[in-house]
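Naming follows writing order (A, B, C and D), and every chain is counted from residue 1.
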Amino acid sequence: MSFNSFGHIFRITTWGESHGPALGVVIDGCPPGIPLEAAEIQTALDKRKPGTSKFVTQRKEPDMVKILSGVFEDDRIKKEFGGPVTTGAPISLEIENVDQRSKDYTDIRDKYRPGHADYTYDAKYGLRDYRGGGRSSARETAARVAAGVVAEKALAQVLDSTVTIRACMVQMGADKIDRAAFDWSEIENNPFWCPDSAAAKRWESQLDAARKAGSSMGAVIEVVASGVPAGLGAPVYGKLDAELASAMMSINAAKGVEIGAGFEAAALSGENNADEIRMQNGKPHFLSNKAGGILGGISSGQDIVLRLAIKPTSSILTPRKTITRDGQETDIQTKGRHDPCVGIRGVPVANAMMALVLADHALLHRGQCG
Amino acid sequence: MSFNSFGHIFRITTWGESHGPALGVVIDGCPPGIPLEAAEIQTALDKRKPGTSKFVTQRKEPDMVKILSGVFEDDRIKKEFGGPVTTGAPISLEIENVDQRSKDYTDIRDKYRPGHADYTYDAKYGLRDYRGGGRSSARETAARVAAGVVAEKALAQVLDSTVTIRACMVQMGADKIDRAAFDWSEIENNPFWCPDSAAAKRWESQLDAARKAGSSMGAVIEVVASGVPAGLGAPVYGKLDAELASAMMSINAAKGVEIGAGFEAAALSGENNADEIRMQNGKPHFLSNKAGGILGGISSGQDIVLRLAIKPTSSILTPRKTITRDGQETDIQTKGRHDPCVGIRGVPVANAMMALVLADHALLHRGQCG
Amino acid sequence: MSFNSFGHIFRITTWGESHGPALGVVIDGCPPGIPLEAAEIQTALDKRKPGTSKFVTQRKEPDMVKILSGVFEDDRIKKEFGGPVTTGAPISLEIENVDQRSKDYTDIRDKYRPGHADYTYDAKYGLRDYRGGGRSSARETAARVAAGVVAEKALAQVLDSTVTIRACMVQMGADKIDRAAFDWSEIENNPFWCPDSAAAKRWESQLDAARKAGSSMGAVIEVVASGVPAGLGAPVYGKLDAELASAMMSINAAKGVEIGAGFEAAALSGENNADEIRMQNGKPHFLSNKAGGILGGISSGQDIVLRLAIKPTSSILTPRKTITRDGQETDIQTKGRHDPCVGIRGVPVANAMMALVLADHALLHRGQCG
Amino acid sequence: MSFNSFGHIFRITTWGESHGPALGVVIDGCPPGIPLEAAEIQTALDKRKPGTSKFVTQRKEPDMVKILSGVFEDDRIKKEFGGPVTTGAPISLEIENVDQRSKDYTDIRDKYRPGHADYTYDAKYGLRDYRGGGRSSARETAARVAAGVVAEKALAQVLDSTVTIRACMVQMGADKIDRAAFDWSEIENNPFWCPDSAAAKRWESQLDAARKAGSSMGAVIEVVASGVPAGLGAPVYGKLDAELASAMMSINAAKGVEIGAGFEAAALSGENNADEIRMQNGKPHFLSNKAGGILGGISSGQDIVLRLAIKPTSSILTPRKTITRDGQETDIQTKGRHDPCVGIRGVPVANAMMALVLADHALLHRGQCG
């Protein structure tokens, strides 16, 4: 049992604080023989990293990843695999923190920021590393994104087929995308991972206004995994739905998760909710996907579809009522560099968590372990 | 790792199929010295059991629970505790199945019921016990409710204070309760655990209509835990939100879960979302509860509030398109006794899962384990 | 985490006290499609059960096992498999206690028996079920033997080959068998599972003398698994040696475990200890087996060989110095029915634990999980 | 589940290969508020590190440890604790490898060294990092020793009392120490951690002879923990004996472990084996310690005493028969720098493993978790 670990067989353990010397992740249970180079992980980290647009924190972190263990190359391996491969030993990935701005932390040392974990960490531990949020900072998610890359590669090897995992933002504030305009190819064209170009335009001005006002906005992220074979997951407590819900709710600022029709399923009739089945090309073909690709906790072969609600960033410029560590009433106004919509950087993280859950269950499935 | 187990320290393992001879649960990690008698568990089971109104399955199960291990009484214990107490050894609870109606299962043996786990179980296991849904049946949840009683008692002992856990239905189909009319004392006055008497009346006729039409309805369940001290939970992957999400999504037919403001948090501004803090009676007092009692994965001392979406029962009388085990297209019409709204019986189950998560984390907190 | 559970993937959870109504085990993670009937488990239980000779406890327990879940049969399955098969759902096995002799427990209620767990259970839990030793009784091992049968069947299915697991007693008191006389076919010919008929004869009179004197004797058990393929186990903390050591030391009265040359390896030179390798029939062939079939924590394809030291039964008729629960000095003399050499009944238990470890690691290996 | 992790609540995960850039450990579950500085860990590492005498490998590793996360200091903490303290977040420790001698590995790349994990790693993974033994190298144990320091500090804090853990070598080759001459203060006076100065002298010439002959010797290590309160551990599968056996057998080259009288218990009568109890200073006082401080899997308050057999180093200069990766028969002669008796450096590792097990169970005990 470790609350800084995730996964059963393909299992990650992350460590590091926002303003410590480094952060990292140890990946255990990754199968051997998977080609892996730091450059591939770097590409994914670059997408998540801070400072890429005015809509994310201006902290400048290069997020350069080092692979410290678990991969090996010699002439024979180079010839067979084209480069270094995983060996089955734990893979240690490390990212240095370089832009921990030296500053005066007196304010957050003594006052609890509303919406943040300051008060609860003190309640649990009696003390806390408050610099930049310490362990509760979203900086921890860099480690998840790095591990997610390895998970996607392991998933492909284990299933011997390609699973396509994609994530996007489908709502910012109260403004939802137009489903008719949904286009995956749009998500790299705007700073929001928005699949609807018109919505992206609207969000740009809305978030700019919020940012300038020192406010922040929430978001809804959607993650879709295509190509997942039927049979992954487990009944009862290991339901794929439960695993994914746990994975997504472990992301900073997440407040809700739903699979398939989700909360809307409550309003459907039994007739409209249960996806009918036909045959197509010799395989089961569902006529709808209200279930979001999971039935009884086990994948059905349809797209796995989930959505995740992200609350607005709690760090805002408006002064808010709070108390001090010693129980005095006071006000606090957050300073420092922050994401006006933390949901944006949550998109690659949600993508990574889907990869981690699927890699884990693909391994379990292969061993018929579960 | 066991996918039929739930919890880290206070850990349950359930077993049993819908139409097997019995079902049960082994509870491990329950502290010693907790008074426990079968009658207390029975009271909770009686609330969940089938056949209590026309709105739940007509299967007649007395659901008589037996305690087979883990409790002990002698004269000294009787004198000190008033009756048998837990010993710290695993507690085995067993419930016999008595009303497994002997019938012809040919239909569901060969055809996959849309919305059910039939196809996915076959995809995972290659075969399945299809009688009454086998292991995927909601009958498994009787074991959860039984274990939940023990969890609530353990929770009270560990915290040395009372946590009140209550659950209710706040939406049936598309019809939500009136929050202004919310009254916990109403929930035992109607067959829906509805805290709004007017809504309960409306639901009665709606569900009756659905039932007569052979259809079914979904629901939203709300669970509230009051009196939970600050400091329970864990950062990162063991966030209390993540644990609760996993617990709730493991309930049959659950498709979504949200904490506090949940999906509505996405539409709030940072100012409106972060709960301000004042002092009251020498303790922190939050001016709102958008967070649902959890900040950074750790309880804040506020009420823990979550909601859970339950899809409409997949067993309906209208014929639906499906395929056979051998890949032939066909139709299926579910027969047998079913819940027109499985959300109703989900209420005590959601209540039990909250108790299980809290007991587990209260124990971890006591040992500063996590 | 559950201290009444064993195994990672093929995982058992046992419950029950010596004098409670029943005891049992839930087996989770057993693959589907394994033919399983109660009669097969019964055969193994009959070998371990009390009352079979004057050298084991005279308690009369029929140890009739019931399978309550996790197996299923219909016409199609009967035709394909010849009888009921596992479904992948948890298998619940239950054995009733019938000969809990109603008696006066005042003596062991108030006094701590030297060598028993009485004092330490009270130190840990504050109270204990002392009837027959409660949870600390070797009666729990009936559940292990039952689960071991399922493990052996799972192992054969997963490896698609036969692993032969055998256990015997190689020493009773200070008297060791003659290795030159070792003959597996002898073990069912004497009440000691002794592979050396001459030693068995000597032991008979030695143990009879000890029994009549109200004393007891220790033993060394040897377990050998043949046909285990190379590659099972894991490096570092999941070493097959470590898993087996944990399994064996969890058996009541075990005080030592060694693999291969074991403690004698300390006295060997590097030249004599490392097993040289040649080829034979196209496969690696080791010229000796000092390693006991495990190198670096992973099976080498040789026989896995371990030995296990069992202390003499602590229940003896000679009065011993002890203290009461309240800290008064006193004497105690154990009454009741006991095994003069608990090592005898430990033999099938050690056999079962080997099967459990191997089934678990065979599943992990198949999924390349670990 | 992670086979590179150890512990339930106080849980370590190690990573790194012998000739990779670094190795390290992530410690999760360490309570907050424990003063911790790198210098303390360094002191322990210096005792274990290579190159300190001619009796250990001549590899020159400074083994400088860095703390990368999980500790924090500000003015308030400095004032209260005197320096940086643990925060409850995972503690990442890292040690660079600096003396990975660049050399020709062709020999061990293609041939399996008898007694080493070469063949079994290939059997399990299909490939391996053979440089210096890769993951199977005893270099991994540096991470254990580092984590052991943190465990000892956590143990003292959790129990609010001092547990003294000491380890020594009691046998080298076939030569045992004289128990009458046992003196803990001797162990730092010789390169063997030997508590008998006369034996140490004998061992010096014996090992020198073995070293010059290119041979190697085995050893028996004894570990004693004094001051452990009664009540730590768990019945059944989590027996403290089983946990310790697993911990010790996970050490490289370990082939046997015994608690208290261990294998000699088999030869004792029931009268001589069960430790009688009297009162002393108001506390239970055992008249002997055959049990090694553990009864029924739970600590009794006596010294916990265990012994561990270490096989002779498999790397020797005498050519040995072996096979190549491709199944050709050949000879191999190990070159490179090696420990003539790997048991020597095993002493601090065994000490660390004892600390890890006790810290883990002390935390479990505090929470009454188990």
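The rule is simple: contacts are C-beta pairs under 8 Å (C-beta built on N, C-alpha and C of every residue); 3 or more make two chains touch, one makes a residue touch a chain.
This structure is a prediction, so every number in the text was calculated from the model and none was measured.
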Given the two chain pairs C-D and A-D, which is bridged by the higher number of C-beta pairs in contact? C-D
Mind checking the centre-to-centre distance between subunit B and subunit D? Centres are C-alpha means, answer in whole Å. 45
On a C-alpha centroid basis, what's the spacing between subunit C and subunit D, in Å? 27
Distance from the mean Cα position of subunit D to that of subunit A, given in whole angstrom: 38
Residues of subunit B that touch two or more other chains sit at 1, 3-5, 8-9, 14, 29, 32, 88-89, 124, 135, 235, 365, 370
If each chain is a node and each touching pair an edge, is that a line, ring, star, complete or other? complete
Contact footprint of subunit B on subunit C as seen in their complex: 1-5, 8-9, 11, 13-17, 20-24, 26, 28-29, 32-33, 66, 68-70, 72, 74, 76-77, 85, 87-92, 105, 109, 124-129, 134-135
Taking the complex as given, what residues does subunit C use to touch subunit D? 1, 3-6, 8-9, 14, 112-117, 119-121, 123-124, 135-136, 140, 171-174, 210, 215-220, 229-239, 241-250, 254-271, 273-279, 282, 284, 287, 290-292, 294-301, 309-316, 318, 320-323, 327-329, 343, 365, 370
Touching residues of subunit B toward subunit D in the complex: what are they? 1, 9, 29, 31-32, 88-89, 158, 235, 363-370
